[in-house]
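Chain naming follows the written order as A, B, C and D, and within any one chain the residues start at number 1.
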Amino acid sequence: MRRLLALVPLALLAGCSGMQSMSEGAGFGSHLFNQLMLLFLVVTGISYAAVLLFLTMAVVGRRNEGGEPRLQALLIAWTGFILIGLILLTGASFLSDRREAREGSDRTPLKVTVNANQWWWGIEYQNDDPSQSLRTANELHLPVGRPVELKLNAGDVIHSLWIPALAGKQDLIPGRENDLRVVPTRIGHYRGQCAEYCGLQHAHMAFDVTVESPQAFAAWYKAQSQPAPEPADPGIKAGHDFFMSHACAMCHAIGGTPANGTTGPDLTHVASRKTIAAGTLPMTRGALMGWIANPQGVKPGARMPAVGMTPDELHAVASYLETLK
Amino acid sequence: MPHVGPRFRARLFWLLIAGFCLLSSCRQSDRSQTSDPRAEGAGGGAILSDPAQQGYSTSAFHIGEGQRLYSWMNCAGCHGPHGGGGMGPSFMDAEWRYGGGMADIVRSIDGGRPNGMPSFHDRLTGQQMWQLAAYIRSLSGLAPKDVVPSRGDQMSSKAPITQRSPDKPAEPREPY
Amino acid sequence: MTATEHPADVPRDGPELDGPELDRILSETWGDKPGLIGWLTTVDHKRVGKRYIFTAIGFLLLGGILALIMRLQLARPDSGLITADRYNQIFTMHGSTMMFLFAVPVMEAFGVYLVPLMVGTRAISFPRLNAFSYWLYLCGGIMLWVAFLRDVGPDIGWFAYTPLSGPEFSPGKRADFWAQLITFTEVAALAVAVEIVATILKQRAPGMRLDRIPLFVWGMLVTAFMVIFSMPAVTLASSFLLSDRLVGTQFYNATEGGSALLWQHLFWFFGHPEVYIIFLPGLGFVSAIVETFCKRPVFAYPIMVAALVTTGLLAFGLWVHHMFATGLPRLGYAFYTAASMSIALPSGVQIFCWIATMWDSRPRMEVPMWWVVGFIITFVIGGLTGVMVASVPLDLELHDTYFIVAHFHYTLIGGAVFPLLGAITYWFPKITGRMMGDRLGKVAFGFVFAGFHLTFMPMHFTGLLGMPRRVYTYPAGMGWSALNLTSTIGAFVMALGVVLFLANLVRSLGNGAIAGDNPWGAASLEWATTSPPRPYNFAHIPAVTSHTPLWEESLPVFSGLRVEHRELVLTTVVEALPDVRDPSPTPSIWPLLAALATTGLFIWSIFSPWALVWGAIPVGIALTLWFWPKSSPDTHQEPVIE
Amino acid sequence: MSMRQTFAGDLAVLPTHAFGTRSLTWWGVIAYMLIEGGGFALAAGAYFFLMSQETVWPPSSHPPDLLPGVLFTLIILLSEIPNTLLKKAAESEQRRRVLLLIVLLDLFGLALLVIRGFEFAHINVRWSDNAYGSIVWALLLLHTIHILTDWAESVVLTALMFTRHGTEPRRFVDVSEDALYWRFVWITWLPIFALLYLAPRFV
């Protein structure tokens, strides 16, 4: 009930919650943000109302009869009010910052390394046994309630990993490893986006976040650890062969196939993702074909070149990629 | 060609707003990547006759992309981190075994060369080859000084290209 | 009295030389040559101040047009109106133009025009340096905009974080033109800051003790010191960036020992004082306007001065709140949260004192006062959202979102541009001799105020809904579309307001009502001169007996300054006792030529490091001839240099 | 003017030039010292920031050779003697002594610029090798520009003193402030010397 109460003024103010809205409160960080923002709104609201009231009285109301001493007394009161307000807000923000750091410290955190490159996210789930670690791109699956520690590295320029519905952002700076702790508290689909200007396609550098039950997460993790299935149907085989013999394999990697390029996103289970091209297009056959045929049309300046192919080669490759569930 | 539409409308709109674009946007820092796959991929011949070829060697953007491709495609493995040479020949001197012109270098990348240079015919798109060729020529100082980046963000033991005097290549020789 | 000097032997102003006869001689001594030559060689702080203001407003319009284009692009999701590259150039140019080519210069320009008049002297302290500063600023602005129109405009943001602005990820010369613009505007701003400090400390009218200095002049003094201490940081940072991009130094290259955070520390050490450099003169404008239209000195003058000085000092202690998301130690952040919060105290106190002044008197609600009321309503919201983003947990969500865009537009437009438009209306009669239209002034205020809130209030919610900054487009279905459309409509309403304001300005130039010397019945010294002021400002240097000189029954003056040579009086720093008669430099072409030589040096150094060596020769020659004293006809007179 | 005007005093009795804080140009010189001092302090801050990034300092090469640096420091400290005498002579307006001392000071400046050339030759690192090399070159270059501009101004002032303009009292004010600025030049050199030559050896 308390959380709903916190949401009411914010929802009023924020119009509604969306999958990329801070007031969503689906993570402990975002939940704390709501509470703290509410406290700030109350304190600043009161002071703003006081200023407006005093201003209206000064411009249109009766003149001050009390003379200088009355003004001085009011000034001392006003300074005191500001001081108390600031101390209260500073203290509250410091305490909630500490509180967020302690949250979920009793549970073993999930370890994920994020490698940001110009205009996509490389995600790697670490595991104690390295063979169990999992590489994916532009999406993050998280078990609800379990804290996740993200190791943030940048491969080229400064980016900023930000999932508004879950927690605050943290920059990824080349030559420096930052970390971010997120504790998801509500199951659902959310969207994160790069928040630090990183060049031509900074606007199209988003990623999907799915918070699910631990069982669903384990099932997803196991499915993602499997290599790509061998293509059976000749049409799909043609797509597979084109992929392996052309520029695609130079940049992309598909588990269980000779393609092991690391400069582009890992496509082993690309069809299982909600979006492609870092959250720019939905994962549908039409969008896939449009993106492969002409990446500059969708993301002008993106590092994916337009590989020359005939229409049936395009259909074959699309069919092959659709099998990579 | 859906792609050309918005660009043309945007350029017209921009000219309306700017009013007096003094000179045509100088090629040096034009960020647009050609993305018409038809002209590049279909046949071997098409790659070599890229219409914008003369623009690559003086475009800072394309040389920058060439620098990225040089490390991504692991050319450094044979030709050394800054084209200093290794198993493969060096790009920093004036010695061009198969010719130092843009087209010669693209031909080497496209078709490969005997004793070790693999063919990247299907491995790279036409534009990537032109960008690589522009970067390779800049390593020996053939690109204009104000177009070449002073350094990369990687470790480098060499003095920046802008600080080295360029080695003018000998007359390009007929390929063997 | 030195041996070579007898007071009686040269003509001096005084009871026997006064009125139109004195005006004729002084106008001839202090005037400029006619026509273009006079225009290019003038060192009159009023002429240079006017053209500074005119150029800065020109850049405001250019920046405004870019803002409208950005709003058109963001009006609807996935809009193809502008390509990503063009949008990145436009938002960088909008930020850089507004911050470096409009905001700081226009505030310093008002200081250049008004400070000498308000402290009661005849010229700004280093007038030729003042002319040099304007020409350099103009050349810098032209260079950046020519580069932008030739598609070589910077596309790295007005903050140019490395390594995106470094040699590898910003190929070509785009980032270099931005970095060189910083050098241009820094040298110009530092020059003006030095002049303002020297003018305020040494050239105050006799009797203007420290506690009798007008609040606007205090604001300019604190601003000048902030410029002096903050601008070297960004000059150093942009020079390091230029050398990284030109000769391959490794300042910001993480793999070779450098660090991207070095740029952020150096830039924001300048960045935050920069926004207070823009904001403090705005507070000075408000104090001047409130004092005049309430016919009462601003309440608690010493506390207001203390608040200005505290804001100036605190501004240097909180730059890391721009870097809360870069992963620095959390305990350090707690200090910066406290520091950032504490700066709300002096501002809050000043807001109280203005309102108390209005409450304790009968404020005449003329157009400038409307802008002051608009300022208080808008700026306080900006200040309070500033308190929000000072807190680390809130800032980690709000940083680099449209909430921040709303915050700084509320503080910069609300806190500086509103008082500026009020100040233009307030001092227009003094500068041009005519009144601005009252009705059209109020209509323009209405449109700007309504348009501003219609544009930037929705941005708070766009930010809360998760829209990041500097995105050239956004997907549909995020809940941002309607809010962005509202902002776009608001932007055009505000633009209409600005157009109306300028129309009122231009119309009043021609046929506004004739304004006397003191149309508003103000108290400060600039209203003791004619409208527009004569080239020599004051026929006789005034004596100041109180904090509001023109509200006293009489204005005592001093006599005894030479009339055939430019001369003004220097006074002691604290008590302002008359101390020395100092010659003031005469008009000269050399500041313009030195500025052109420096421009050549700066632009050439974008392309080759040897520019520093060879380019310095013409600059050296120009400076030498600038300082070389002109030989004067009779020997025992003192020729003037500098 | 609308208000009654009464004459409260006569400024004619005031002198037309003065030294020290009574001179307007003194305040201009002090303001530019604040600017350049701020610049040097921030450059030193950048030096410490980059030093904190490395485990071993200097990361690659040897620190700059001591000989040219120490020689430069000694001579620049030595130059304070003629500098102080020059300031006193200027403030007591003894033209002959001023002419003698200012030429001597210019020669000191020339000698120091030559030694600075050797310092650059013995810096043992290229500016493009690493961040250490960059900041070392930056600090030395900033100070060299500082010395060069002050020396050039002194030469111009010396030339001016030899012309008939040199007879005016105001020129002595300029000489006094030029001596003050030279004092600022070697005061800023001491911390830079410590950073360039001593810090890598003893930290």
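By our rule, a residue touches a chain if its C-beta (ideal position, glycine included) is under 8 Å from a C-beta of that chain, and two chains touch if they have at least 3 such contacts.
Model, not experiment: these values are computed from the prediction.
Trainee: Of the chain pairs A-C and B-D, which one is connected by the greater count of C-beta contacts?
Mentor: Of A-C and B-D, more C-beta pairs in contact link A-C.
Trainee: In angstrom, rounded to a whole number, how far apart do the mean CA points of chain A and chain C lie?
Mentor: 39
Trainee: For chain B and chain D, what's the span in angstrom between their mean Cα positions?
Mentor: Once rounded, the distance between the two centres reads 48 Å.
Trainee: If you average the CA atoms of chain A and of chain D, how far apart do the two points sit, in angstrom?
Mentor: Comparing mean C-alpha positions, chain D is 53 Å from chain A.
Trainee: Can you compute the centre-to-centre distance for chain C and chain D, using the mean CA position of each chain? Integer Å is fine.
Mentor: 30
Trainee: Two or more other chains touching the same residue: where does that happen in chain B?
Mentor: Chain B, residues with two or more chain partners: 31-32, 150-151, 153, 159-160, 163.
Trainee: Please list all residues of chain A that touch 2 or more other chains.
Mentor: 156, 174, 200, 300-301
Trainee: Taking each residue of chain D in turn, which ones touch at least two of the other chains?
Mentor: Counting only residues that touch two or more other chains, chain D contributes 128.
Trainee: Please list each pair of chains that are touching.
Mentor: Touching chain pairs, listed by label, come out as A-B, A-C, B-C, B-D, C-D.
Trainee: Taking the complex as given, what residues does chain A use to touch chain B?
Mentor: 156, 174, 200, 245-247, 250-251, 263, 293-297, 300-301, 303, 305-309
Trainee: Give the list of chain C residues in touch with chain B in this complex.
Mentor: Per the touch definition, chain C meets chain B at residues 65, 69, 80-83, 85-86, 146, 149-152, 155, 163, 166-169, 171-174, 244-248, 250, 253-256, 607-608.
Trainee: In the complex, go through chain B and note every residue touching chain C.
Mentor: Counting only chain B, the residues touching chain C are 6-7, 9-10, 13-14, 17-18, 20-23, 25-26, 28-32, 60-61, 63-64, 67, 145-147, 149-156, 159-160, 162-163.
Trainee: Could you list, by residue number, the parts of chain B that touch chain A in their complex?
Mentor: Those in contact with chain A are residues 2-3, 31-38, 40-42, 68, 72-73, 122-128, 153.
Trainee: Under the touch definition given earlier, write down the residues of chain D that touch chain C in their complex.
Mentor: Against chain C, the touching part of chain D is residues 1-18, 21-25, 27-28, 31-32, 34-36, 38-39, 42-43, 46, 49-50, 53-54, 59, 127-135, 137-138, 152, 156, 160, 164-165, 168-170.
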